[in-house]
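Naming follows writing order (A, B, C and D), and every chain is counted from residue 1.
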């Protein structure tokens, strides 16, 4: 292999062809595909500083702006001989080739390390904002779903057993709360990672008086990163994003687990349009909610990627490394895709599902859910000590396999045995058989009662407005052009 | 097995002995050991509400306060017959046994689910504050370490090769920055998780008008959790803490990897007192920095626990579960211990290490570090186009195995060949051989130059003050009594 | 701190007290608690060699045997001054102290590294055999469970929807198959790891002609490990065991997920004795199968430990390290405990559960399961092309919400419309409504039909015998004294 | 959306377009790209059975063979209306379309579930064999590397400090041993997973008397899988392969960590051709061994994929699921690629690296490595009790910063002080300063001495032959056509 002309230090050969095929060219293609706009933005920001620092005169400056503006995927190519299949070298090669006049100081005091760190971070920031946008649109769908179901009853489960009467609307505000707290963390995260590596050089800073503050603002960052070594050593913004995705994905996997139960043949609470169900090639009776399986399976990958990003730098030196910064970020695109795909599917599911109110209601009457409330009532209204009330109900329920309004007689007999009087009237007793009455008994803030759920929904509507405002601000400051509520792939 | 008297519903037997041995009693012991003070605090908070809601009269109230105050580890015992080896039942049993008068309404409208969630969260909150306290004390040690080493030179590495001259002080401000950003996140996290589950009941809220706002304040929380189901379904505060520990642990593992290199026989940059080194039983010449191995190995566990906590709820129903809330948190204590042990060791290491300045200096002169600066200089001062300057230096370095002040002649010859003049004076050239001069050439904010490092240290000192203030505030509001800078086990 | 007398090389101080408290003494206690018998066995094996190599005379030899035999947990203590809180040093200290005569060559050419590696491996081997023993006893319980349920019908699910009629017995042979393949792998694993590190010295071998072959046999190993460096660098036996536990635990988590569904209120297929169910303190109607939650939560930890053991050596030098060999194995005891606890609980659950045959049967008649078989039949018997038969059934099922024997008329009408004849007789049709008939239609090996299930059971009984034989052999060759079918904690 | 004609059960719409774009079509493309040959092979195997079972007559049979033979990537397309973007439906559609005559029974008693399971397993089996082939070629390179370096000396490290004299050849046999034990496990694994799901139907078996034994043989399997439900529920062959890759990758990461140290500027033991080193764009003096970073980073992903595959089925029902079988295997291709890429790079590195024998030798003389041997010698030869010999050497080494042959006087003085005589001759003492002498002192099997290393190499050569034989056998029985030693992408 012959010597490369421009970039040699002590090295006399171009990279090995297998290395090029396995490593360099794929890296080049990734950066060209994903990072090119950011590299251009960075170069343009640098140009301003180079003019200010008199590294470029006005002509050179204007000429370079034009050249850089022209760079696109059609004129940058991986070439192991000409540019070592490195995008920065290809950039440089392109610029020199297209520059009519000499630009002797154009490359002075520059490093690929902080450039790459900055471009990656700009890319990650945009993907984070896309995720926030998608979550906001999911939030909207979930909040809207509340309206119809505040007075609908269904069993709530603990330890996989029916425990309390709740409403589907209560469940939707619960999902809403999971989204709200996630957005709260993501808003913090956006600020946390929105600091700029540029100007940190190879690892220890630069030798001319570059204005890092100004450059960082110009690229939409809130500030420069404080310390040069941190700038080039870390890709922790990726791990942090990854964690938020995992954490929300984990909650999604749990909500979906509930939906799997609700949509089971035995529960039958959920109806889904045919276009969203899977069929069996052999068993004509089946309607499979495979979309739920895809969501759970999809968010599961997020945990694996979190492990991957974290472990890729574990036990490595704290500095600029290919191991961490390139190989370690190999799956970032997959992570972003798995997240957005799963959330889009989750949104479609929620948007299109409907509750079979009759089946849900029937489930609330097949078993007796009034025990908890009745114990409270016997104690509060009739002064039966609480644990004794429980004991009475225990005895009552051990005997009555099915509780109906006819069971009152049995209950009163037991109470009479234990306490010497049989207090309950039919109307009183029946209210504990009525799931809607039970739903309304819950009074505390955050509870399942219709009033409380509506209040929670109201709060969510305010938060939704707030997060849309936040999105508008960052979209503006970054010149992003999302369709509101749009999917992350722009559709 | 005979029937338990107090707690029976439809169940007629005490728990199986093997279950008791394997599950219930260990859980009881954990809660007694770690959660007892929080259970007491919760019961006392509840008492106030019960008085307000007229569930208790004044006598009952005062009497109960006294009884609960008296509960400690000497009078609560796991007993599968009497209390099903459940600490809440044991609590209740104790209270009934010690209560002279009837307290018929004392247990009305209460659930173990939100009690347990609240006690766990109070425990986790305290452990988080302990971790913040420990990090603050590490921060102090690291910042103090800067002073001595701002003008000391050593090689900085990228891709495992010497790349730039830096100072140990630059490295310490880098560690400081990792601590600062961690504390920034932990301060956010403290607020994020400081919301109270109490009053959420079993899963869907309560039936009396408990003032959740007031109860949450009384227990040191900023607010109640918004939604009842979230309160009992989630232990995500643990996953969140776990992530912050992992993330910081990951950085520690990298710093320690660097220290391992610095302390290698070949580098020899670090001296450590004998009381901190390990010896070989067979090889008398060895001094092992096994403390570094313990730190890296220790923080590695943090990632595993993050995986553990996250996966323990993956694919589970979103509700109160033993699987998530008890079995899933089995290793929280180990996680907190691994974190604090590793950080204490890291602090001891940094506090006690010293740099062998002579060896570090010699490493800076054995190879030629001036290439980057010299290319800048040739370009800026003598107008040699940058890539040509690089090429000249490439040729120069390919020829000169060892660069000394005598190498100037060779360099000037090459420049003359390429550019027609041989510009460099001896004094100019020698400055690129002098590591201290190279250190001072870095100008940008965040760089390794002594001025920049001192400025970074100044900023850190301010942040340290801020975080100490924050700690003081939360210690006060929670009645915590940490020794400032103390280890998490109180020594 | 004063100088330790015996063990000093270039080190002049005893270990730091905090290091002792955090690291050395806990390590000492672990090794004393778990490894002491193995250290003794190793020392005795070494003694034989030392006699053979004339390092010891007969008197010294006999005397040392006696001394070593006497060592137990009552006479070995962690002491940072006297033995650096190192168990090997404590051993040595004890032996010198109790030796009346000089034993000048007793310690020649020995290293702690291969000793520790050997003792750990012996410990791990025993724990593996305990696990095999436990699995064998689980296998027995599962196989026995088959008998009662070969002709019992219940729905089998795919994609969370009822799909085919199966029997509980079919499910138990499926669990049996998971156990069998696990035992197959564990038998291989036992041989794979049963190679002896002893004689590898610190990392590169020893200087006297120790007979490694003989020593390895004497300690119950099949052979010495081939390469000295491998011997001291690796704890991969632990990772390998950990993987098998995870893999089986993963299957258990899936079986338990099915049991959770079966035992749900809606399915109601499982009855469990009261002593195994959990109750609700507030909701008297509940019977929680929390034991299932504990099993799933328990096996989940196994994956985290696999991650932990693997990552503890990732990116570390390939040599003897505290990081890998001590810190990296910190949680091995917890892993073994989590495995055995979960498997014991799983065994108890299976042993004690029973199927509510009526409810299971009813589930098989509520929906129409005959579609698959009927399509086969229409095609095979009446020559209706298969996809057309499916289409006919699709149309049929879209119309008939509930399929009963009365539906025959509708079906025949559709067939007549499509094919011009209405072939099915009542008897024929009814057989597709009968779940027991459907069960018996499955013919292939490995299928759910009673004959096939019995054949599978028969094969399992043979394998069980084989694995018991294997266990007897290794118990004998290692002098293990397990109670057959006993729990791993010997009860 | 209009109704699909052929495949409908109770479903009246084609799948949703977004689902098609996000899920179905990508799945289709994956299966077409990777599984098509296996689907064809399965269909052909089934045809034989269908003829035997008289489901097809001879004409139909021959006609179908021809049609199926013609299927390739140019005539199968994802089409949500025509085939629901499902490859099995597309297959079927193609066959019906191209079949001149009716084939009424061709589709009878078939399920996609066991077909997909079988095709995936065939694919995985081939990828495993590719990996074995690659490892064998790595093995060959490593074994060949031994020859040159049996008498070359370099320091061996424990706890990151120089500990013993070893040879690079010793290190290569150590790598060889890691490969050998991996191949041993992979050979077992091949048999372990080489069992056939075909004939298991949807989950519970089939209704005609398919000969599963015969079909499994015809597809190159050793036997059918025993139990129908296991066949469709499990993709554990992937988890098992993944574990072996992780385990070997973990060892590779450790060997590479050592190479990173050896190739560090400070050690300088390794020379690499220029075509394999990376350069710095700004620092002309640098030669980065970034290939090592890529290997470590590459094998790190393997652990993440192991986590991913394992967790994708954790807590799922034990049955056929999209979640496990499709979404859960999303990254199998990436895993295989990461493995083969990393191993190819590792092979290239080892093949092309050479040891700088002079630098390695010098490292062995800069510090005193003779302590261990000298203590043995003083004890064995002069009867100085071992620990006293150690103490003497400790004192000696504390005083002598640099040990040369002149140090003998000091050593003898100390011995005289302690024991009353100063025994060592100059020639004796000097042998402990000579690294080659020290290398040869190690005698035990598996040690670093040249004889022992050569013996280990000899054993490896035999194993290599054995594994090549094994490969030849399975290549033959599966009609695989690997280039021996070829990379997994066939180059």
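To be clear about the criterion, contacts are C-beta pairs under 8 Å (C-beta built on N, C-alpha and C of every residue); 3 or more make two chains touch, one makes a residue touch a chain.
The model shown is predicted, which means the values in this text are computed figures rather than measured ones.
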Ask   = If you match contact pairs by residue number, which of C-D, B-C or A-B shares over half of them with A-D?
value = B-C
Request  = Looking only at C-beta pairs in contact, point me to the busier pair out of B-C and B-D.
outcome  = B-C
Message = Nearest whole angstrom, what separates the Cα centre of chain C from the Cα centre of chain D?
response = 24
Ask   = Cα centroid separation between chain B and chain D, in whole Å?
value = 35
Note = Chain centres from averaged Cα atoms put chain B and chain C apart, in whole Å, by 33
Message = Where in chain D do residues touch two or more of the other chains?
response = 7-10, 12, 158-160, 163-164, 201-202, 261, 278, 280, 282-288, 290, 293, 296, 300, 303, 307, 311, 314-316, 321-322, 371-372, 390, 393-394, 397
Note = In the complex, chain D touches chain B at residues 155, 158-164, 260-261, 263-267, 278, 280, 282-290, 292-293, 307, 311, 314-316, 363, 367-369, 371-372, 375, 390, 393-394, 397
Key: Partner chain C, residues of chain B touching it in the complex   = 1, 7-16, 18-19, 22-23, 84, 86, 88-89, 110-112, 201-202, 273-288, 290-291, 293-294, 296-298, 300-301, 303-305, 307-308, 311-312, 316, 321-324, 326-328, 330-331, 334, 341, 344-345, 348
Key: Complex contacts: residues of chain A adjacent to chain B   = 6-10, 12, 55, 92, 96, 102-109, 113, 156-160, 163-166, 170-171, 173-174, 177-178, 180-181, 184-185, 188, 192, 199-210, 212-213, 224-233, 236, 239-240, 243, 246-247, 250-251, 253-255, 257-258, 261, 296, 300, 303, 306-307, 310-311, 313-322, 371-373, 376, 379-380, 383-387, 390-391, 393-394, 397-398, 441-449, 452, 456, 459
